[in-house]
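Look at the two complexes coming up: chain A is in both, with chain B in one and chain C in the other.
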Partner chain A sequence: MDERARKTDVKLQGLARHLVADVNQKRNPSIAIPLRSLANVSFNERRKILELGDQKQARILFNVGMARKFMQTFLLGSACKELLEQGKTTSIRDLYYIAKHTLGDTRQNTFEEQDESDPIIEDLEVTIDALREELNLFASNKGAMVGPLTIVDSGDTIDLRRMGSGGWSVPSIVEENIVELKKSEAQFVLLVEKDAVWRRFNEDKFWQKHRCVLIHGGGQPPRGVRRMLRRLTTELKIPLYVLVDNDPWGFYIYSVVKQGSINLAYESVRMAVPQARFVGLSSFDQEKYDLPDNVTMKLKDEDERRAKQMLAYPWFQRKEWQRELQYMLKRGKKLELEALSNKRISFITEEYLPRKLKEGEGKGWLV
Partner chain B sequence: MDERARKTDVKLQGLARHLVADVNQKRNPSIAIPLRSLANVSFNERRKILELGDQKQARILFNVGMARKFMQTFLLGSACKELLEQGKTTSIRDLYYIAKHTLGDTRQNTFEEQDESDPIIEDLEVTIDALREELNLFASNKGAMVGPLTIVDSGDTIDLRRMGSGGWSVPSIVEENIVELKKSEAQFVLLVEKDAVWRRFNEDKFWQKHRCVLIHGGGQPPRGVRRMLRRLTTELKIPLYVLVDNDPWGFYIYSVVKQGSINLAYESVRMAVPQARFVGLSSFDQEKYDLPDNVTMKLKDEDERRAKQMLAYPWFQRKEWQRELQYMLKRGKKLELEALSNKRISFITEEYLPRKLKEGEGKGWLV
Partner chain C sequence: MISKTISSKKDSGSKSRSKGNGGRQLSLLEQVAPARPAPARRAEPAPAPTRRDDTARQSGAVRHRLHEEPRTPEAEAPAAAAPLLATAAPPPRSKRRATAESMAAQQREISVAEFFTKNRHLLGFDNPAKALLTTVKEAVDNALDAAEEAGILPSVLVEIHEINEERYLVVVQDNGPGIVYKQVPKVFGKLLYGSKFHRLRQSRGQQGIGISAAGMYGQLTTGKPVAILSRTAAGRTAHYFEITIDTRKNQAIPVKDEIREDWPGVDHGTRVEIELSGTYKGGRRSVDEYLEEVAIANPHVRLVYQPPRGKEQRVFERVTDELPREPQQIKPHPRGVELGMLMKILKESKARTLSAALKEDFSRVTSKVAGEICAAAMVAPNTRIRDLSGAEIERLYSAIPKVKILAPPTACVVPIGEELVRRGLEKEIRADFYTSCTRPPTVYRGNPFAIEAGLAYGGELLGKAEDDDETFGPRESGQFGPIQLLRFANRVPLQYQQSACAIFKAVAETNFRQYGLSQPRGGLPQGPMVLFVHIASVWVPFTSESKEAVAHYPEIIKEIKLALRECGRKLSVFLHHRERARNQEKRRSIFELYIGELVESVHKLTPVDRRKLQQQLLGLASKFTGQQEEEEALEVGGVKPDRKAKGKTDRNGDANGNGGDGEEG
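Take a look at the complex of A and B:
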């Protein structure tokens, strides 16, 4: 077991020791699980991330409503301990199958469906304060990366300057023990919302000319990409620019990258990049770049609802953001990155983004 | 323009020349577009692929119902010609934006939505007999690849033996002018349905031990992965094994990889791998590998419908396949690859698949 696995293992053992102590002292065994509901999530103004509060909930063994979940928590904890011991990683779907069995001669299964085991994994994460990646569990991997950077992944040295048109597929677990960041000449990181637009930037060798790490997450970036963004910005000490559609979904992607999400607030500290810079598309860009009206789309009802929600987010209270969101609502229109191709195919890489980067904060990008 | 681009360019020019000739001879300009509907699709028993028949439809300029589509066909043809001249590739969404504009002072747009331009692209493909990749258009890219193989992608030499846990992200366009296959020690190709299971095989270094190219397509493989499978099997002259869930969706993935799909029958000749070998999960595997009943799932109504459809597919008429599909229906159950983890986490890489490969055709795998 490596150092990192040992640390997580110690936390899992702590949980078990606590249980044994309860039994020995003839107490009703219980564990205290931090609440993950909205009521226990708040925005830390100083750190600029979403955080979990101090509220906890007891999970008690001898309690009709809780016994099953109590059993499940320890079953999954034990399965993760085995993963750590074997040095193997797996998916949360796989873990569900690993831990599923029928109890004795009953017709009771330990888990009926995966939607029973997934929340227990999250309980386990917050209870012992370990990300699922530290429990050797991975999520889906979407996303690819290229740039003036060398990495070591599972012992293989990979030069991200020579990855062709495909790029390096960003794995779900990019913790330090698996992926190391080595020699870099990158000046910044550019996250592009869509793989198709990422490909435009790669084909035009934008990352070479502007010396940046070029990465996409296939829409809302998966955990591996978010964790990688966090590591790139903190370890290489370079800024992150986020390029998304001009619609509430694009803004939400930026918001999650920046502050974390309410559902997974406990991970923000390891994943969020509070200083992430938004380089558009801005609601003001149709006029700024003289784009015809026929490449815009009407905001849908759900878009409007989403935009109004975001107006109330604490991290969108700066007047630039209020202005941005209000103008989107006022226009009633949205705009995709691909719409810039209506000017010409490499407009986005040769004119749009270089101009925004040059204009700097306020005019070119927002924080 | 490289050789391949020039070939496609000549085809596009042919289309335009034909139009000019019509005009000069005062004919009503028209083009003949091969029909893509089910009625014009058949299974070629000898070549074992789905093929488009000879039926064509005329698209005429001076015809109220066709004038708009006629204009659109030439607009997109012209946009693709520009792509070829510039040596750039782009997405079909991008192409929609590139070709969209408002006609004169009218309120008529050349295209209203992308669902108007996508079928025109397919018309163009079949009319001039060029895949969209040859028109420099790409689809989404999902899928990753590792193995004992060196490739050259856009001038970069990439050793797929040293891609760490992530792998090389398979791009959407893998035509010979972009991706070349170089030094290989691979004995076969293994396509795994899901990225999570692919990761298990990569982590366990299955591809090293068994000397195979390991690839996934994130569910139904995208065009780039299918084209790559075709190139790997024909150029390296090695067989392809397909590992999917035991459900109609998994079988359908195998079916598309093998014979092509009805919708895109005209591409089969460039994408299908008729000799692809199915290594499961088979409907007989629950018993064969002694898996508990609680890891199975009930077939849904739509699963049953799908399985019954497949029973009628010409390429599933061999008695082994009929037996396979009928047993799935009789059991009324399905089984995911992850269910094998219920035995132990590396059961699939260390026992399940090696045994199937060893048992050979009929017992271990089906064609």
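Take a look at the complex of A and C:
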């Protein structure tokens, strides 16, 4: 076990010691898990990121509603310890299979679905204050990256200028010990919401013309992509632009990238990019770019609900964002990035984005 | 019911041509007919209306239209009858097929017994299986009524002997008061002879038709007479009869009439033997089931039952030595009488004036009330009874609803009693939970009645539902079929026409889901449960003569629902308690399951003494589950098992039916 693994192992042992202490004192064994909900998340105005509060939730063994989860937490803890001992990393799906077995002679399993084990992993992370990577766990790869940049991934040097049409698949663990950033000519990073739009940009060699790192996260970007964004902006000291749809979900992707998410608020420090800039479609862009009505989509009930929720978030209180969301609700319409192709297939790469970037520099950003 | 229909049809015919004893009981309603041909107390049963004969309007013999056989002409009332007949069967215009005179030639009296032979389904002899059941039922009902009336704790022996597959001998022997020598032929050999029809008093039989009908059925199907052995007291001789019935004359013909010096072992009682063609079967609606139900509703009765085909004898022991309180006979209440009945009562009154007659022959009629009725009807109270015109009586009849009259006394209704209903259920059904409820008596249409409900849940009933062996642990109620509903009227089980019955309707309209059972919309609830409902009344309103279903009076349905809700509430408390106990059990086993897993994980994280930790955790498990149990008990604690709906008694002395909590089904 290396130093890093040993540190995590000590934390895991602490969990077990705490239980033994509870039992010896004839207390109902419990684990204190920091609460990962809106109520326990606050927006740090100074640092411009979401932070986890101090509220904790007790997970008690002798309680019908919690006993199963209590047992599962320890089960996953011991499985992670094994990974650390063997120096192997695995996916959370793998871990689910590793820990899954039938309980006694019943028809019950330790886990019935992966949906049951995933939140327990997050619980474990926050409880012992170890990151997923520190537990030797990774999520499946999601997201791709190209750009005028060379990296070293697990010892292999990779030139991101020569990645063909697919790009380099961003792994879920991109810590320094795995991925190193080398020579770069990039002026900025461009995060595109989805794969289809990213392909347009890659095909049009946008990143070559504008000398930028082009990356997408397949919708809401996973940890690996977010961590990579953070590292690119801090280590290369270049700005990040986020290109998303005009709908609450697109706006929220921007928000997560910029200040972090509620669920992973404890990771904001490592992932959030507070200086990110919004270059996505605004609610006012239909008129501005003279887009016909027929390329808009009707706002669905769930969209409206989400937009109203977001209006209440403390980190959406700037009047520009309130105006955006309220106008979206008023119009009852949303707009996808692909709608710009109604003008011309490369309108987005040749006109829309260059204009947005220029305007942003001039008139100020929507932040 | 049948007696009424027939009687009114026959109307005064029997007066002019009464033959011996036959005239006596048939003349009872003789003056009823003129105003309304068939004063039906309730809906006429399906077959009856076709038989109703409007010509009864005329005094004279019954117009016997439906009888096809040509008969010797009879003299009376041909002309008046003709038009009515013509409307019923319109003759073609061109040529008259029959004249009033030629039709008159076919009109003649039918005897009750003859009527029965053609309409035996009306009395419950529709098919062989039912015939056997009805025979046992009539004999047992009579035996119980007689013993109770004489103040004797009933012990009844029922034997069914198979002569061949289609022929059975039914023997019913009781320890009742016996029947005096000269009455035996009449009781068993004449239809509509009995003590029960002429009075308003709670009893099983109502009409005096059942046992003789059974005998007649036996005679019709086997040609064998009914055998009766009866003795009225120790020291007296017993007499043995074999009786056949002259169906045309409604007369008994004793074919054997012997004195038996001794009846060993029997001081007093009656033994009836009827041979009939029938079918014996077990299961639903069988004699077996009937007797089981009798045993539930009559916990003071001892029943010995010898089924046929060498099956084992069954003994239903009594659980109480106390006879039910003797039901009091009451005078009819003005609200409950039909016009025809009113006419009959007034005409037969021993009083001289109208006002006196109203006071003496009806319950709850005071001088003041009588005066008000007379005033409202615009008939002088001192009118002499014999001077009353039909029109005046009709006015009196319509005046009754306008006058405030106290509800009839309800003491005449004798329910089984809450405790005995429960003990009756406990005696015959091995269940986990029993409860019962007796409602205070109340009134429908001038007739006092009381409703009782009871239920038995779980226990052996869990196993009764068809089992699939794959089930683990106790099944939930949704996995059971409909509950078994036992209906009783004056302690007599009702086995047929369930869905036509007011009791069924009340059960289906009660929401049992709120008490923890599943229930399809508009149907019986489902679960391992037997539900008992009893209506006790001086006059149970059946939908037909075969006494199978109770008519849908709103007052009755309402009372049944109130009783059901009270039982339902108690059931739901029980189910709650059991659910909790089950949960505790489940909880403990869950913890035990997880503890093993947990100990292994802890050991992997940091080496521990696994056995010790396991023991410690198991100790904590029982400590903490008990605690949780208490916490939950406190949460549920609002409901007390013995919360009873309070029956209030209003100033009329008539208990009103407002015991519920206002919850709606």
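Quick note on the criterion: the second predicted complex is superposed on the first by the 288 of 367 C-alpha atoms of A that agree within 3 Å, B and C clash if a C-alpha of one lies under 4 Å from a C-alpha of the other, contacts with A are read in each partner's own complex, and residues count from 1 in each chain.
Operating definition for what follows: a contact is a pair of C-beta atoms (placed from the backbone, for glycine too) under 8 Å apart; a residue touches a chain by one contact, two chains touch by 3 or more.
Fair warning: this is a prediction, and the values are worked out from it, not measured in the lab.
When both complexes are overlaid on chain A, the residue A:Gly155 reaches chain B alone and has no touch with chain C. In the overlay built on the shared chain, the residue A:Glu338 is in contact with chain B alone; chain C does not reach it.
Of the two partner chains placed by the overlay, only chain B lies in contact with A:Asp94; chain C stays clear of it. Of the two partner chains placed by superposition, only chain C is touched by A:Asn28; chain B is not.
The partner that reaches more residues of chain A, of the two candidates chain B and chain C, is B. Applying the stated contact rule after C-alpha superposition, one finds that A:Glu116 touches neither chain B nor chain C. In the superposed pair of complexes, A:Ser78 makes contact with chain C only, with no contact to chain B. Of the two partner chains, chain C is the only one that A:Asn63 touches; chain B does not reach it. Chain contact summary for the complex, chain B toward chain A: residues 83, 86, 88-91, 93-94, 96-98, 100-102, 109, 138, 140-142, 144, 151-158, 162-173, 178-179, 195-196, 199-200, 203, 218, 292, 294-295, 336, 338-342, 345-346. Every residue of chain C that touches chain A in the complex is listed here, in rising order: 583, 587, 590-591, 593-594, 596-598, 600-602, 604-606, 608, 613, 616-617, 620-621, 623-625, 628. Residues of chain A that touch chain C in their complex: 12-13, 15-17, 19-20, 23-24, 26, 28-29, 61-64, 67-68, 70-71, 74-75, 77-78, 81-82, 103-104, 106, 108, 110.
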